[in-house]
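These notes open a run of structures that come right after.
Common to both upcoming complexes is chain A, partnered first by chain B, then by chain C.
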Partner chain A sequence: MKLAKNKLQQAFDLMAKEANLLVPMKIEGVTKFAPWGAEGELAMDAVNTLLPPKDALFPQTEKMYKYKTRLTQVESLEEIKETDKQIIFGIRSCDIHSIDCMDEVFLTRGYVDSFYSRKKENLTTVAIGCTKVLPTCFCDSMGLNPVAAPTADVQLNDLGDYYAVKAQTEKGEALVNLLKPLLEEGDGEAAALECTLKVNMDGVQKKLMNVKMFESDIWQETAQKCIGCGTCTYVCPTCYCFDIEGKECGNEGYKFRCWDSCMFSEYTRMAGGHNPRPSKKERVRNRFLHKLAYFEDRYGKGSLCVGCGRCVADCPVDLDITMFIDKVGALKEAGSND
Partner chain B sequence: MTNHECTCGENPLVPQICNVIKITDETPDTKTFRVQTLDGKKPFDPMPGQLGMFSLIGVGEGMFSVTAKGEDYLDFAIKRCGMLTDALHEMSVGQQVGVRGAYGNTFPVEACKGKDMLFIGGGIGLAPVRSFIRYAFENREDYGKIDILYGARSAKDLVFKEDLYTNWPAMKDTKVHITVDCDDEELACHVGFVPAYLEELAFKPDNRMVVLCGPPIMIKFCLDSLTKMGFSNDQVITTLEMRMKCGIGKCGRCNIGSKYICLDGPVFTMAELEGLPQEF
Partner chain C sequence: MSDMQAKLRETAKKLLESGEVGYIIGWGKGRTNKTSPVFVKEPAKVDELVWNEYCLNTLAKYTMDNMYPEKKIGLCVRGCDSRAVNRLIQDNQLKRENVYLIGLPCEGKKDPVTGEMVKKCIECMHHNPLEADVMVGEPVQEKGYPDRFKDVEAMEALSADERYEFWAKQYDKCIRCYACRNVCPACNCRECYVDQYRVGWQGKQNNRAENQVYGLTRAYHIGDRCIECGECERVCPVGLPLMKLNRKLLKDANELFGEYEAGMNTEVKPPLGTYKLDDHEEYM
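Presenting the complex of A and B:
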């Protein structure tokens, strides 16, 4: 099937009736996924948005439960359940894969995170193949294809005046069915696309998992210019770490979770003051190892870096993960310093 | 060594409300809190070594090892050392708290069967070890000789005194060895650091497992001593601690390498720790 580009707004209206529809928008200079109808301009050509769409599944702050107290007693405690239907439209291959990674974290290994799973059940993703790449894009080096996201519910590809529309899951079929009045018969192949920025991950994960690598000088050298601002974790589509905090007013309050960052010293500081990651060297080391080695070791689903390039583009001091990968790749052996 | 069965209801991040039914002063900075659900049950059924997230609603949550379980209660021995624990120490009996768990793996109680046991605790480090000691006494026939070596800064810092001086020494084939760093009350016990006393007691490594918990510096020197005495790294079991928020391996912060302490730990053998980055 295909959808004429001039019917896009009609398609949005149709989808927005069924669910909270998130589309790429430019709002006050920031590109992000925002509800259709928000004040701002549609940014279908943003390639990847400045902010990733992770907050659809993993909001920046999310209420978990609310309670009422009376003196030292807890009168009530109630879990907060959000079950709104959501559609993310125009998501790219890299961000779709970031959802695959978050699924591993939140839905596997013994515990299902109910806050995440409820949102995931109610989410439909409409991916769009890229037609151009940014200088910082390197998803194909991380094993992805910029024009095809196999785990998206619906895949769109730009055919000039049309989008080719392909349902890839049951949820996707339901969505395509909804859009049927606007669709036309037809099909077309997306033109292949290659990223210009290349990295070579061959052997990098294995080297990094070697315990000798942990004590390498490479960490001090790499972390030297980090200013610990946390931008990389904020814009990263796969950074899922969170903090749990509470807010109380009078005799009622709620517990919430919010994005946290491994770049901050508070993150691992224990009661009593001991901090196993006391300086930026340990924190940068943990972040890069998590992205490029630990995640693969734990979940066996490839790297936790999807090659979206946001941290490369946005780091204020150009601490570039692709240069780090190259540096590790060039090491003669794990733990050597040249 | 894994147990991922959470017994706290549908959502593992939402606590159960419990009553504090007893508070025991252990030392000037440590209290044991006994908690029970509102319908008079234990909040969950942990195995030795497992953890529980203990919260004072409106103040905060912290992860603690479960010190003991009874028919209808759980005990948490908690040392005062931060904002949450300060507030916990202000509590009185009848107050309500949130509890969720059990989290983490367990001491290898099965693999230790048929062996002599040496339990070594330093300071509040006896709290996690106590769950295993109690288990061994409840299943006394499954274990050989039991030695408990416990050290604290001074006499007033000894936790679980009734166990140390009365209950445990009365058990079959059990010896309790107590030492304090400095003897300010002229207590009838050994004076000196735990590692030195350990060497003095000259335990034989044959068919013996060691459970070792305490401050990092004590663990380090005890390990040196144990190695000198001929123990291998797979005979020594310890627990790690890291800051935790979720307890279910999601929030990220308690990792050592690709392991999460809240899920894959807190119990590790020293042999297992050798394969991990030294970041604890």
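Presenting the complex of A and C:
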């Protein structure tokens, strides 16, 4: 099927009736996935939005429980359940894969995170193939394809005046059905697209998983310029760490979780004051090992870096994960210093 | 520019060979046009140092990672970096004898993506290092920045409601990555109030109220000590116009306590860090 581009707004209106529709928008200079109708401009040509779409499944701040107390007794305790349907439209292959990665974390290995899972059940993703790449894009080096996201519910491909529309799951079929009045017969293949930034992951994961790497000098050298801000972790579509805190007012309150960053000193500080990751060396090591080795180790699903390039573009000091990957690749063996 | 780069490398090599400095903090090549801070320890590696129109990062704060160095730290300084050095010395976070300053007059730097002069450099008032142990290159013409408080005046002309709406929109964007704090030479507390989690000064929720508390607290904490390097604004991933806020406080300090620019030397104390008998006392 295909959707003429001049019917895009009608398609948005149709989808927005069914669900909370998130589309790439530029709001106050920031590109992100925001509700259709929000004040700002549609940004379909933003190859990668500045902020990742993870907020839709894992909001930066998410209320979890609310309670009331009377003296020392709990009067009521209620889980806050968000069950709104959501559609993310215009999401790219890298970000679709980031959701696959987060699914592993939040839904497998014996614990299902109910907050995430409810949102995931109610989410339909409409991917769009890229027609251009940014200088920081390297998703194809991480095993992805910029023009095809096989795990998206619907795949769109930009073919000039229209989008080729392909449902890939049951949810996707339901959505295509909804859009049927606007669709025309037809099809078309997207032109292949290659990232200009190439990263060679050959042997990198294996080297990093070698225990000898842990004490390598490479970490001190790499981390020296890090200023310890959380930019990389907050623009990363697969950084999923959070902290839980409470807010209480009088005899009622709520618990919430919010994004946390392994780049912050407070992240690993223990109750007694000890910090097992006392400096930026340990923190950068943790982040890069998590992205490039630990995720494979635990889930067997490859790298947690999807190659979106956001951290490469936004790091204040250009601490570039792709240059780190090259550096590890060039090491003679794990643990060696040259 | 390349002459200066060659001279910088030559100077760095001599300093490392003679053992005058333990290592040199400068700029190195990134993957694209970008440059990135580098730390050069060996004379054989001085070619890692670059000096070009994209050397954006301020470097002085890296001395705080090594507060008791065995040898002096060689630090490349432009005007802004030298003011940051003064800032750190005055705040007792750096000893002058622990650094060897390699001065680099700077005509302003460009954005590696757009190729245009960055805002902080357009607004720069001191292109030449205010202090250096050795100078690389000839001093450049100072242009001043007569529009220093123009943005602030434009904000002041708005009504309180309009100002609130403006800042509310800005702080709705803040992702609380703390890049502004971490890059700031005036934010040199050993432990930031934000990280004092047991006291809970700063709530962790990302919402307008908490984000504004953070923004205002930081602005006031650095109020009279901001050296106007503009790094906070440059590194902000969501583009908050933070210099409007910082310069508002500087403007107030100027009006209340007389003309003042932070980090110009280590003698004149920041207006809020000292007192005079003829200070304004309307809130006493």
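Quick note on the criterion: the second predicted complex is superposed on the first by the 338 of 338 C-alpha atoms of A that agree within 3 Å, B and C clash if a C-alpha of one lies under 4 Å from a C-alpha of the other, contacts with A are read in each partner's own complex, and residues count from 1 in each chain.
What we mean here is this: a residue touches a chain if its C-beta (ideal position, glycine included) is under 8 Å from a C-beta of that chain, and two chains touch if they have at least 3 such contacts.
Note that the structure is a prediction, hence the values are computed from the model and not measured.
Participant: Taking chain A as the common reference, can chain B and chain C both be placed on it without clashing, or not? Answer clash or fit.
Facilitator: Overlaying the two structures gives chain B and chain C room side by side.
Participant: Between chain B (first) and chain C (second), which, if any, makes contact with A:320: first, second, both or neither?
Facilitator: In the superposed model, A:320 contacts chain C only, not chain B.
Participant: Applying the document's definition of touch, where does A:214 land relative to chain B and chain C: first, second, both, or neither?
Facilitator: First partner only.
Participant: After the superposition on A, what does A:30 contact: first (chain B), second (chain C), both or neither?
Facilitator: Touch status of A:30: second partner only.
Participant: Is A:243 touching anything from chain B or chain C once the two structures are fitted on A? First, second, both or neither.
Facilitator: both
Participant: Give the angle at the C-alpha centre of chain A formed by the C-alpha centres of chain B and chain C in the superposed arrangement, rounded to the nearest 10 degrees.
Facilitator: For this superposition the angle at chain A equals 90 degrees.
Participant: One more residue to check, A:256. First (chain B), second (chain C), both or neither?
Facilitator: It touches chain C, and chain B stays clear.
Participant: With the two structures laid over each other on chain A, which partner does A:186 touch: chain B (first), chain C (second), both, or neither?
Facilitator: neither
Participant: Does the superposition put A:227 against chain B (first), chain C (second), both, or neither?
Facilitator: So A:227 only meets chain C here.
Participant: Upon superposition of the two complexes, what minimum C-alpha distance (Å) separates chain B from chain C?
Facilitator: Shortest inter-chain C-alpha distance (chain B to chain C): 6 Å.
Participant: Can you pull the chain A residues that chain B and chain C both touch?
Facilitator: Residues 243, 260, 269, which sit in both footprints.
Participant: Would you tell me which residues of chain A are touching chain B in their complex?
Facilitator: The touching residues are 64-65, 67, 69, 72-74, 77, 79, 105-106, 109-111, 113-115, 209, 211, 214, 240-244, 246, 248, 253, 257, 260, 262, 267-272, 276-277, 282, 286, 289-290, 293-295, 297-298.
Participant: For chain A, which residues count as touching chain C in their complex?
Facilitator: Where chain A meets chain C, its residues are 27-30, 50-51, 60-61, 135, 197, 224-225, 227-231, 233-235, 243, 245, 247, 256, 258-261, 264-266, 269, 280, 312, 314, 316-320, 322-323.
Participant: Flag every residue of chain B that touches chain A in the complex, lowest number first.
Facilitator: 2, 4, 6, 10-15, 17, 57-62, 81-85, 91-92, 94-96, 98, 241-243, 245-246, 248-253, 255, 257-258, 263, 275-280
Participant: For chain C, which residues count as touching chain A in their complex?
Facilitator: Counting only chain C, the residues touching chain A are 30-32, 34-39, 57, 61-62, 65, 169-170, 172-173, 175-179, 181-183, 195, 197, 203-207, 231, 234-235, 237-239.
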